[in-house]
């Protein structure tokens, strides 16, 4: 399954800015969902479930923070 | 979606103090919610859900801690 | 909101001992809750919810561990 | 139990690219599930439970992020 | 509250062995619970709640892992 | 309690391979459960609870990932 779905856009953790690194973190988190549930129709159906649920929105924010920690370190924090 | 919403205010993880770094962590966590649920009306409606729920308040605190860990390291802990 | 509430007491992650660092971790976690729910009356009302719930007590302990990891590193583990 | 199930394919954290590192993170997360529930029939039965549940999909994404953080560091972020 | 409860036994993260470091991680996690719920009678009443609940036992294991990560780093992994 | 139960087999985080490190992570996670619930009969009774629950299997995978991160770093990622 993970063979046919791109997991890291551009196949690199290096980005030109923190903003771009954050966007990458969000994309990587979404691609994790996609690889586990490859059916776009199901994912679309689940969208209102989490987009209207405070608890799940917070959980998503936690995953983004975790992905971003790795990307930020890869980029030496864009210092 | 993430193209039109600013994800990291100032496009930098560097802040002049721990206090400012903490404020940035909070803002980044909130912007993660915003990028997943861009509709301000829905977010406003969800506010009492988490603001009056001890479990969700704790989850938010966990996300802030995770974001702050990255920011603190980026700033070499303001040593 | 985060402008009017102090987020990091003393505006520094540096403490003179592990014990003081741990106390700071606890305070920072509590201040995260405060910034999300600034109303003291509500927070006081929520107190018995988490103080008598094993699951939430464990979640709070997890947040303290996360905050402490950052503080300990900032202090080079008080070696 | 963990003796008879391969836990890390190739017995190495080193991969030739971020994409391959991400695929390894996903495999390692799945093998953690397998080692705890070695019965393939049960795992197959549980599949629709998590694949159609937004909350669990998010939790899986969090585990992948955690595994990937270690793999990325092992590979010096493929810099 | 945190003033009267010892948070880190011995006021040090340094231990003579991994085993002792692990015991410290467990103690620190327990003291986080104690500082949030200082009433021993309540804590004792909550004990069967988490000791007989697989989900909470797993959550406690996660907290121990988080505390231990910090202690292990403090001790340079007892290499 | 933690005095009578071995917490880290071999009292070392160093292993000869990633696979052995992963097995150690799993053992350490299980020993955290054991130290919190020392009664083997209760643990055995809880087994079907988590082994047949997708959500708990994912939580266990998260704990294994956390333990492994520490072990991998201790071993300098077996580079």
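Structure notes:
Going by the order they are written in, the chains are A, B, C, D, E and F; count residues from 1 in each one.
Keep this in mind: a residue touches a chain if its C-beta (ideal position, glycine included) is under 8 Å from a C-beta of that chain, and two chains touch if they have at least 3 such contacts.
Only a predicted model underlies this, so the values are computations on that prediction, with no experimental measurement involved.
Steps from chain A to chain C, taking the shortest chain of touch contacts, total 2. Relative orientation of chain A and chain D, expressed as the C-alpha superposition rotation angle, is 60° to the nearest 5.
Centre-to-centre spacing of chain B and chain C amounts to 16 Å, using the average Cα coordinate of each chain. Our note on geometry: chain A versus chain E, Cα centroid distance of 32 Å, whole angstroms. Chain D has its Cα centroid 27 Å from the Cα centroid of chain B.
Shared contact sites, meaning residues of chain C that touch two or more other chains, fall at 50, 53, 55, 59-60, 62, 66, 69, 73. Chain contacts here close into one cycle, and each chain has exactly two touching partners.
The cyclic arrangement of chains, read from chain C in the direction of chain E, is C, E, F, D, A, B. Note for the complex: chain C touches chain B at residues 2-3, 6-8, 11-14, 28-29, 32-33, 35-37, 42, 46, 49-50, 53, 55-56, 59-60, 62-63, 66-67, 69-70, 73-74.
Every residue of chain F that touches chain D in the complex is listed here, in rising order: 17-19, 22-23, 26-27, 50-55, 57-62, 64-66, 68-69, 72-73, 77-79.
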